[in-house]
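What follows is a set of structures to go through.
Same chain, two partners: chain A is paired with chain B first, then with chain C.
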Partner chain A sequence: MLEKKTKIYWLFILPGCLFLAFFMLIPLFSLLFKSFVDEGGRFSLANYFALFESTYFKQVFLRSIRLSLTSTVVCAFLGFPTAYYISKYSKNKGVLMALAVFPMFTSPVIRSFSWMVILGKKGIVNDLLVKSGIVSKPIGLLYNEFSMIVGFIQLFLPLMILSLIGIMDNISEDLNLAAGSLGASRLGTFRHVVLPLSIPGLVTGSVLVFTGCLTAYTTPQLLGGTDTRVLATMIYQQAMSLGDWTQASVVAVVMIVVTIAVSSVINGISRKLNPTI
Partner chain B sequence: MALLELQNITAGYDKNVILKDLDFQVEKGELVSLLGSSGCGKTTTLRLIAGFSTPMAGKFMFDGKDYTQVPLNKRNFGFVFQSYALFPHMTVFDNVAFGLKMRRVPQDQMKKEVMEMLETVDLGGFENRFPKEMSGGQRQRVALARALVIKPDLLLLDEPLSNLDAKLRVKMRVEIRRLQQKFGFTAIYVTHDQEECFAISDKVAIMNHGVIEQMDSPSVIYNHPKTEFIARFVGFENFMDLKRTDRDGIYVLSDGSRIQAEGGKSGESFKACIRPEDISIVSDGTDAPNPLTGEVMVSTFLGKRNQYNVRTAIGEFEVSTDQESVYKIGDRVTLSMTPGKIILL
Partner chain C sequence: MKKSKSLFVVTLLVYVFLIGPLLVIMAASFSDTTYLKFPGEGFTLRWYQQIMQVKSFGSAAKNSIIIAFGGTFVALLLGLPAAYALNRYRFKGKELIKSLFLSPVLIPVIVLGFVMLRYVVNRFKLPALPSLLIGHTILSIPYVMRVVTSSLANFDFSMEEAARILGAGNVYTFFHILLPNIKSGIVSACIMAIINSFNNVSLSAFLTSAGVSMLPIEMMAYVEYHFDPTIAALATLLMVITLGVMLVIEKTLGLKSVV
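== the complex of A and B ==
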């Protein structure tokens, strides 16, 4: 009886699986396939060797990782106290959570345009800097790595905050009280109890932010310049502007591998820090 | 002087007052239970003593010092939670060592004390386990060890056994009592389980609506409850309204008949109560004290005993007897109440 039921319920996930197979797995494998064959149609790693010999690609590759890591670290530092406050101390949790995720309701295009207005030569930031005499003439805040990081942080900070709140809500207040009754100060309680128990949320958040930054296209396209290309914009350039689909596939595969590798490294570190995850 | 003294404590959340002008004292070395149904304020009282919250008014004196505003991490009180509240990311050793680590006890001494404490609670060899790898009873003992290893000036236990099964509960309460007598620590124990609290405590404080109705040794509470609430709580099922007469020890019941009871009490009219097992069923015409005739309404077989609900002129009485003769519904019977067993409230 039970077995029969299990078989029927299995059908429920069939539409989703079929959808993913058609629209994700098949394109993905054709991409993989394309990157591993040479012009004659034989298996070859030549495309990869060629890519990694190119100085331009190396620059783009390192820049992508650097920008994504920086954004992830900044999001963690900004997100942790915010999430802790919302989870443990706020009285209007619903309102604050809505505010935290509010940026996600607008499209990345609109957000990027807002940053152009704010960070431009005639924008509010340059205005203030010039008026207060810190700089003599407007400085270039836009179309560089700085503006890209700013865009990334605004885009992905909500994911970090949400991941952390989800975990922090599950830390029982009794644990904090227990630590206190055993002599731990507020700081000690934070260091020995709250922080280690929040690591799973920090990991989920970091993986989401990092992969989000690495694969984002709109933000680097609009807020970055021609000399600050990242992997996602490079794929677009290769495929659409230069028509080199093979090269674009190779870059895409590299991007996927980096994403998976970094996620597993972050997971590994967190397991060391908190063995019960 | 008492070791711990709550003076006119008022406490609550926002506009919700839970404790009102509460006075409570504990002597050094005593195990005192706070007993009551949920919402009576017993847990609020315990958390206030622990320093988890501060009172709206009143004073908390401990060992002659004002502790009202002393922060929780400076109180040196051990607390055992209903949920155990073990740190899930730490081993048993690290859980128990936590308090000593916060006190910066040297490594060697810390290790020695933790291992000794684990032996004491019968958990030697478990030091590298994580809490989730242990049973409820074992976690409970880790929680006890963690609270005891810091040599607390006071041990606070918040329904520590309520998540265990009945058999383990009995075993653990003996264990807690043994540890308490071994180390001689002062403890406050919160529970809603009457049997548990009578078994373990030197004194029991019964709380109702944020007030302590009676605080005495378990046997005094059991045999001489002071209020109707407590009488009902400890198993008195039968209540009567009495009026005083000119003669000592003789009272008038609501139907005008007379009843003999021991002990004096001021006032003109009051309530009296008696347990079902202190009423016997006697044959007609015998010279039994306080006879009362009635009709059997309900008859319940309880194994060793029979229980009858008997309707009399002054209300329904519950009688529990081990007599061999069995009465049927509708039988006329005569009840007899021993004067010494009637408690005046």
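== the complex of A and C ==
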């Protein structure tokens, strides 16, 4: 009976497909196509050679990777104990989860801006530093890589915590008790039971944090300076301020490639290590 | 228990780091000083009145609301039937189509904004408001697809069959059998999509024009030139609204179903 109406599903699917094809896929393919073509319309890698020869781009690219990587590592180190505490020990799990979600629902403009208030020349951190005599006059804590990393971590740490809690909730307490009764120390239990079983959450969280940092625009725009541009701010600057659409396109392609490569490679490795995911 | 104590300290510090800055903004919004200061001095509500004086905020807020709700509505119109068909029927290329509807989350939003500006807006001379609506619809489609698909996975399609056998038409079956069963899924998808769209910067940065702006873009522009507590007052207002929304979600659907 179902088979008779077979074709009707296309009516349901087609509008969305056409919409996405027209406004997203075709523009993306145009971007890709144009980036491989020179001014005469012939296939050429000249745009890419030009980009990778530019020292400015090299700096921006390496800075993006470095900042994203640093933020991801810090998020993992802060997120792991936090998630473990919330999952296994906390009595107010619901409240703590909600408090982790709240910043995610708050505009990145507000969150980055809050650091401008805290880290500014008249901010509370500089106040404390001067008053305690560590520095004689307020130091520049803003518009550099440090403030960007701080912003990134605050932006994406909730993602890491929530990914880890999702996995840790499924680790049975029995496993810990079993390990303990077989003579494993607390540290041993942690290393050989909790840590390996939490890796899927760590992987998901790391991919989310890394790609989030790599593609974030608001935080580097507000907390970074003109000499600490990253890929996202470079695309915007090339396109909107300098009108260099070609270079903006090439940087955009590089960003897509890195994002997709990182997430598929890491997810692929973790699937190989743990086929049950 | 010793271990849980040190874990507790780390957790506490992490939450101070996550929430503290937001509390600083809230406190600074009441400061009776002409520049942003924490700890503030005195107490005043004048920065909340000042929000109304900044003309660009009003129209931008209106646009942001229209686009967030409108874009999510269009995403629902496009995504709901598709999610239904993907769950209900078997056919070739199903996985491919599903990934197409989920793909906007894989593409960096800043790139999406850039290609839309270059290959849609500039090419077809599209005005700002429709382009923003299209862009934000693309942002919302994956949310609709993901959440609706998972609530449809729990829906027993034989109920639909039963309704039809009892003489219900397609439209009746849809509104009285299917929709009530996946309602909470749809609502949570919409809330997530609306919040995400309302807070979006990267896409709007490319698609707004001189006359037509969005609230986060105006806030960013304001922050770059002014450093008075007006923006802290506005931020506090938005955070209070967010908190209210979260409380309502928690009371009705449970926060877990949304995140």
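Keep this in mind: the second predicted complex is superposed on the first by the 242 of 277 C-alpha atoms of A that agree within 3 Å, B and C clash if a C-alpha of one lies under 4 Å from a C-alpha of the other, contacts with A are read in each partner's own complex, and residues count from 1 in each chain.
One rule holds in what follows: a contact is a pair of C-beta atoms (placed from the backbone, for glycine too) under 8 Å apart; a residue touches a chain by one contact, two chains touch by 3 or more.
Source: prediction; values computed, not measured.
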Give one word, clash or fit, describing how chain B and chain C relate on chain A after superposing. fit
In the superposed arrangement, which partner chain does A:F19 touch: chain B (first), chain C (second), both, or neither? second
With both complexes overlaid on chain A, does A:D174 touch chain B (first), chain C (second), both or neither? first
Quick one: name whichever of chain B and chain C touches more residues of chain A. C
From chain A, separation angle of chain B and chain C (C-alpha centres, steps of 10 degrees): 90
Which holds for A:R111: it touches chain B only (first), chain C only (second), both, or neither? second
Where does A:L197 make contact in the superposed view: on chain B (first), on chain C (second), on both, or on neither? first
In the overlaid three-chain picture, which partner chain does A:L182 touch, first (chain B) or second (chain C), both, or neither? first
Once the two structures sit on chain A together, report how near the CA atoms of chain B get to those of chain C, whole Å. 12
Chain A residues touching chain C - in the complex, by the definition given at the top: 2, 6, 9, 11-13, 15-17, 19-21, 23-28, 30-31, 78-79, 81-82, 84-86, 88-90, 94, 96-103, 105-111, 113-118, 120, 122-124, 153-154, 157-158, 161-162, 186, 211, 214-215, 217-218, 221-222, 232, 235-236, 239-240, 245, 248-249, 252, 255-256, 259-260, 263
Chain A touches which residues of chain C in the complex? 3-4, 7-8, 10-11, 14-15, 17-19, 21-22, 24-25, 28, 35-39, 77-79, 81-82, 84-86, 88-89, 91, 97, 100-101, 103-104, 106-112, 114-120, 134-135, 137-138, 141, 195, 198-199, 201-202, 205-206, 216, 219-220, 223-224, 231-232, 235, 238-239, 242-243, 245-246, 250, 255-256, 259
In the complex of these two chains, what residues of chain A are touching chain B? 172, 174-175, 177-185, 188, 192-193, 196-197, 274-276
How about chain B: which of its residues touch chain A in the complex? 50-52, 71-73, 75-79, 81, 83, 85-89, 98-99, 102-103, 130, 132, 146-147, 150
